[in-house]
Amino acid sequence: MSGKPPGNTPTSLWGGRFTGGPAEIMHRINASIDVDRRLYAEDIAGSKAHCAMLVAQNILSPQDGAAIGAGLDQIKSEIDSGRFAFSAEREDIHMNIEGRLAELIGPVAGRLHTARSRNDQVATDFRMWLRSAIDRLDAAMRDLQAALIDRAEAEAATVMPGYTHLQIAQPVTLGHHLLAYVEMLGRDRGRLADGRRRLNESPLGAAALAGTSFPIDRHRTAAALGFDRPAANSLDAVSDRDFAIEFVAAAAIAGTHLSRFAEEVVIWCSGEFGFIALSDAFTTGSSIMPQKRNPDAAELVRAKTGRLNGSVVALLTIMKGLPLAYGKDMQEDKVPVFEAVDALELALAASAGMVRDMRPDRERMHAAAESGFATATDLADWLVRVAGLPFRRAHHATGKIVKRAEELDCSLGMLPLAELQAIEPSITSDVYDLLGADHSVASRTSFGGTAPDRVRAAAQEARKRFLG
Amino acid sequence: MSGKPPGNTPTSLWGGRFTGGPAEIMHRINASIDVDRRLYAEDIAGSKAHCAMLVAQNILSPQDGAAIGAGLDQIKSEIDSGRFAFSAEREDIHMNIEGRLAELIGPVAGRLHTARSRNDQVATDFRMWLRSAIDRLDAAMRDLQAALIDRAEAEAATVMPGYTHLQIAQPVTLGHHLLAYVEMLGRDRGRLADGRRRLNESPLGAAALAGTSFPIDRHRTAAALGFDRPAANSLDAVSDRDFAIEFVAAAAIAGTHLSRFAEEVVIWCSGEFGFIALSDAFTTGSSIMPQKRNPDAAELVRAKTGRLNGSVVALLTIMKGLPLAYGKDMQEDKVPVFEAVDALELALAASAGMVRDMRPDRERMHAAAESGFATATDLADWLVRVAGLPFRRAHHATGKIVKRAEELDCSLGMLPLAELQAIEPSITSDVYDLLGADHSVASRTSFGGTAPDRVRAAAQEARKRFLG
Amino acid sequence: MSGKPPGNTPTSLWGGRFTGGPAEIMHRINASIDVDRRLYAEDIAGSKAHCAMLVAQNILSPQDGAAIGAGLDQIKSEIDSGRFAFSAEREDIHMNIEGRLAELIGPVAGRLHTARSRNDQVATDFRMWLRSAIDRLDAAMRDLQAALIDRAEAEAATVMPGYTHLQIAQPVTLGHHLLAYVEMLGRDRGRLADGRRRLNESPLGAAALAGTSFPIDRHRTAAALGFDRPAANSLDAVSDRDFAIEFVAAAAIAGTHLSRFAEEVVIWCSGEFGFIALSDAFTTGSSIMPQKRNPDAAELVRAKTGRLNGSVVALLTIMKGLPLAYGKDMQEDKVPVFEAVDALELALAASAGMVRDMRPDRERMHAAAESGFATATDLADWLVRVAGLPFRRAHHATGKIVKRAEELDCSLGMLPLAELQAIEPSITSDVYDLLGADHSVASRTSFGGTAPDRVRAAAQEARKRFLG
Amino acid sequence: MSGKPPGNTPTSLWGGRFTGGPAEIMHRINASIDVDRRLYAEDIAGSKAHCAMLVAQNILSPQDGAAIGAGLDQIKSEIDSGRFAFSAEREDIHMNIEGRLAELIGPVAGRLHTARSRNDQVATDFRMWLRSAIDRLDAAMRDLQAALIDRAEAEAATVMPGYTHLQIAQPVTLGHHLLAYVEMLGRDRGRLADGRRRLNESPLGAAALAGTSFPIDRHRTAAALGFDRPAANSLDAVSDRDFAIEFVAAAAIAGTHLSRFAEEVVIWCSGEFGFIALSDAFTTGSSIMPQKRNPDAAELVRAKTGRLNGSVVALLTIMKGLPLAYGKDMQEDKVPVFEAVDALELALAASAGMVRDMRPDRERMHAAAESGFATATDLADWLVRVAGLPFRRAHHATGKIVKRAEELDCSLGMLPLAELQAIEPSITSDVYDLLGADHSVASRTSFGGTAPDRVRAAAQEARKRFLG
């Protein structure tokens, strides 16, 4: 080894922010206790299961096992009650707990680390934590679905405009619209469930990377910790974080769904649309403009996509091109996941709150659905189906009729029959029945369509599929 | 309406690139035929199923149905054989086919569009296309797993260093290492399969957004096109693209796995490591340095993560905050998916090729595994397990022994017994058995561990789980 | 070297997509000619400058130099006119041109590669190409600014609502609103210009990575190709692509600005807002609903952020963790840049088109600005400024007045003086002057404010700053 | 308004996490004080400048101004010293300070908000905070450059292999290699400086969005707060965050540079390369393997790209498609920026520390540079330049010679002259001079090349350009 050591580098070189020199920098970049303390309950549960298995396999004496178990229980209660003094010196949650255990029970604490390494330990903790988080998020999604389904049933026949390109296209019902989100959330829950199933293999016992020569029983610890099975390959068990990326990707997709709903809430709350109102519970006002109800909650839900998408990219970036098995890079995996869980949990709760809180203005929605010639398609379909016109001619005639109504500044239903027949002689007065928005929605009886009866049935069905 | 139209804007204002003025810009930004022509087979299949259903439901006459079916078949064969003249005027694949159908069979072509809209049509086409792509990718992943398992069995006892932090940590076997990727790919296939199942609901019949008043049979078209069922909500069916995001996210995770393997290939091919060699089939050289074999294929596999991660972000961005039901924004959904499929397909094939092609240098790997005191953990474990030392004392003694070996510039196994006993008297000559890398790997018999027998069994098991 | 070569691997193993086996896969993943052919003009210009320098430095004979120059000219004209047969065998644009040059002038073609490598060659080409692209984009941004400034002057006094949270907040003028985008574009142009300046150093002569022993003159080639200077470090010159990331990041920011404008166009075009109309040049309709004008161009502009953000992530991912100097990974740098340039160029042209095309409905905007109690702030300010009320009391009184107006379902300006004075006795009839939207905007005379005179002056100033 | 309010929703519906029901959810999603308290110094400075201007413009009485100023000073000192009780009820930093001011000085505190809004206030605070952060980061980058330049001068003649594709390509010097990063950092600093200049316009006085009718002097507050000028358009001033995106993009590019250096440190520290060693200050070991020095700091630097890239995507996502002027979405802008600043600051300090700490193993580097036939290019160049061979023949001959050396398992310089001449008769014994790595680097004297004299001059020059 040649090369000169840097010698007495004056600390000023490290810049004002790191007055302690290299040691402080290393400490600052290396410590993770402020982040990974959220894993404490899982870390302790994992240690207890590992300890019990070591005893059962005669690797650890029952006495030692009992001492370790009792020490861990005490630590758990210390942390639960806020009495635990986290130490930044002990860098991470594992060392904090291990160090405290040694204080409590002496050197026997070291035996807990038999046939284990921080590599399999943290992988186990993190999976368990995420598993719980997924369960909470699933419950929150289910709650949002429940709110939407309740609302959908109540508004199964509430007619509103359906939009494409934010232009009125065809009438739909509010219930139908809300059920679209129930479907999205159903798939979101499916994604979380699939990811949960996939992550539910226990890394414990993979040790540093190669397994161990101690006669451990990985199936036992896996079962004790609620895993479906031990992970089949020790290198894979400690080195992959695909479960975390899969989770944040699913969270980002769910967040994208919520962002769409939030956008609609913002638009619907605008004075120009005025389709719904939110109470003070989900809006903020200003002392000066008390009538102004800013849909802050919806905007924040919409913005949470930023955090979620950012987490996906953060994790994909971190894991890119890392050789096996463990690199310290992987310590950076937790913040993106924690932030994503927090963001999505909040966004789901706020969305459910808004669904329950919003008061639709049914008259205004209905009036909007009657405007914009939203039933032009109904007319064209009638010309094909009833009057037997060729498709192209039906469309052409409809276009002319709409144009005429626009010229006369009236709705389709208000055009005199003579006007209609002047354009297409085969039209009869029967046609008026279908030019209203109510008739239009009632006629969309195809499976998955917006007819109120369909919507009611779909809500029933959704209740069974998602809340049963 | 007030406001002045822009009048005779000189075209020069549009800049040299868009000499045609607004019309050209609109055409350029709006046309998608160069991209979506890849959907032609699915578009025609969807139209044929829709047509057959219309006939079965008496919405279309059998004669018209037959004419449409024959026309579509002819178009299919024209495109298959490269004789079809795609028209940029007809903007997208749907209009290209519809326009050609009208040329072939006249106005009856228009009847095909009964109870259908481009919104449900493109959603159906895209899902079908992606479904096929997923099947191809699944086959490619399976092929890569097969290559890895074959290699893993052949190299089940090939000892190499296992690394953490790119520092030699403990010996493993090459077979064990390769099986780690088999597990990752297993989960990757699981993700694709889950996504495929989730996307396999037919949007056809959702029409523009609200369903239709024609007595269509969505279950029939769904079954005819291989979907599990029709999508339950018409608004959701035409407005969501979560299946595309889920797919690209899964593809990006798989790409991340491949990037890690590729990084290892690059490192292993370096002169300094020299663990494997790749043939000319997967390297490039230079006329001037014929010995230099650049692992270009591995580097390109590693770089494909760029495209894949970019696709995830592109789709998440596009869909953020879009109100229901359809926005033209969603036309931009295809490029990210097509690019992701192409990138991943290529990366998988190249990876499988490299696995089959690479020649491991077993001697060099073994020598490396013997270096770096990689069996220090084995020694510490022995001191705990056999000599009954407390954990901490065992670790402390091991550390001193390693230090001594470093001073003497020899491996652990070459240290005289006297040296060992000077540090820890309880050591006996038995310990030499376990200071070799071969013994070390042989001892890691825990489930998922690197012992050659374990690896052989794991390979067998993997064959059943993944290739059965 | 041990390890068995894969032997006669049946090609079926490679999967249906790669029937040619390893060779085809390697070719497919390695070839870049379909992408990098866009660099041909820059590649030829770079070669000509290099050739001229070699002659000037007596490294190449004048005759050889002349032959090479003539050959390159001919190739340029072949490609320009579409007569050049690109060969996938020759993998990239450099080899295509070099190969053709050898066909045209024989072995002397090889001398062109003296003191050069593909590494510095492609870095030079790419920078030159991007430089031109930046110039085109700058012109397109300038054109969009010109369109906005023209419009802003015409609409300097057109009153419309200013929004926060998509709720009407205070009146502004359309001109003022449009000038906000002029500022954003000004910064966008600044970012492009800064990046252009930073990238404008010539890598040519860095050779493979270490420089060369030939007595080349890098300053001469740098000057000939319009670079400000040669890059100072040969390793850096061939191995960094920060200029590309910087560019796509600037493009993504510009795209984000355009997405905001596009969102506003979509909202303003909705029937509910009805603030502007776009002509057929930037909308699409349907045969069936001729009144429906879908703002497709705006939606596509909004969606282009997907491509742009994706390009940023793609490049950041590709370059992460690459050791110096050149890795084949870097071949993947071009697609994200080309796609970003194309997307932004199109989005800018479409945006400028829409600005020129849109017809504001001034009456409707004005009416909206009068609604929503948008002048409540003006009232509160008056109470502080004129009536001398403490801030808090002024706000409190305003809130009560707005509430009263809401109860009476009238605007602030329609509330009888008695009502006002019942709430706050110090109010005089003078206050009515400022309760109208016109008065409100006229009063906002602070620098950067929305008063029409301010807007006209700001437009003038913007013309000087950005179009001068 | 129709629609039913949600009535007595049992709080259990809100899920266990939000026991307080809607109010708690809204509070949780809305509060930002835990994040934006970092802006306190800027918020107070901004308020003081605003207050002084209001007094100067006779909008506020000197007495009131003095009271406000004194109150703000006291709050500053309370926060500085940790005695300030932040209140989550008061949601954000502005309200915390405003609320405390009212406690301290009574209702006059309200006058501070004259002609101001939280919209322009937070935009001002955030810009000022980021400006300081940029200054700190610039200093940290400069310090890293200084460390690199010092090292580069010391190692200007330390020969090591230059790599392409992680394959040895040509010899370079370590000093030359390190200076490549000095160039990258120079551009990184340039990007920060450009962004700083661009953001340095004061939003203060833009008020909510439209400016104000109070006779304020925005130039005065701009100057007082160190801004170059007031922002020209009030809507733009409160609604854009491009400066934040530009910053995080520049940070991500810098982070990418650092990730490349970190990757090299990891590779160089591996036993197989063994080019450098890091002391305990930047590595971690294990009690059991004391010889193992894990380059944790380098890995964490490499991983910080995750956070940085994630921040870019987060901000781009948040801002996509937001209509003007202010949306609550923008409250989410701070976390990505704060996280990026912290991550980059830490990564820069750790990188500078490693540069100063690392001990190169010069012998090992040199030996590696002599291996791998790294001087083949020198031979080919000699054949062209001195022996006058046509380019292609020179390359062909070199290839054959390298192959022969490989067969004989010797370096190029150890091949007997007869062997050389058997392949290419024109070779003379002069050629041996250039087959050594030292000669090779010495010969690369082109501008920017790796010749030690060039490197020394470049280091000198860099000192002037970057540290002067």
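Each chain gets a letter, A, B, C and D, in the order it is written, and its residues are counted from 1.
FYI, contacts are C-beta pairs under 8 Å (C-beta built on N, C-alpha and C of every residue); 3 or more make two chains touch, one makes a residue touch a chain.
Quick caveat, the model's predicted, so the values are computed rather than measured.
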More C-beta pairs touching across which pair, A-C or A-D?
A-D
Which listed pair, A-B, A-D or B-D, reproduces B-C with over half its contact pairs identical?
A-D
Between chain A and chain D, what's the gap in Å when you average each chain's C-alpha atoms?
30
Distance from the CA centroid of chain C to that of chain D, rounded to the nearest Å?
23
Identify all positions of chain A at which a residue touches two or more other chains, and write them in rising order.
164-166, 169, 266-267, 294, 296, 299, 302, 305, 309, 312-313, 316-317, 320-321, 327-328, 377, 395
For the complex, which residues does chain D have touching chain C?
59, 107-108, 110-111, 113-115, 119, 162-166, 169-172, 176-177, 179-184, 187-188, 190-191, 194, 198, 205-216, 218-219, 230-237, 239-240, 242, 245-246, 249-250, 252-253, 256-257, 259-260, 262-264, 267, 302, 305, 309, 312-313, 316-317, 319-328, 377-378, 381, 384-385, 390-392, 395, 440-441, 443-451, 454, 458, 461-462
Taking the touch rule as given, give the residues of chain D at its contact with chain A in the complex, in rising order.
1-6, 9, 13-15, 17-18, 21-23, 25-26, 28-30, 136, 139-140, 143, 146-147, 154, 266, 276-277, 279, 281-282, 284, 294, 296-297, 299-307, 309-315, 317-318, 327-332, 335-336, 345-347, 349-350, 352-353, 356-363
Give the list of chain D residues in touch with chain B in this complex.
164-169, 266-267, 269-273, 287-296, 299, 313, 316-317, 320-321, 368, 371-373, 376-377, 380, 395-396, 398-399, 402-403, 406
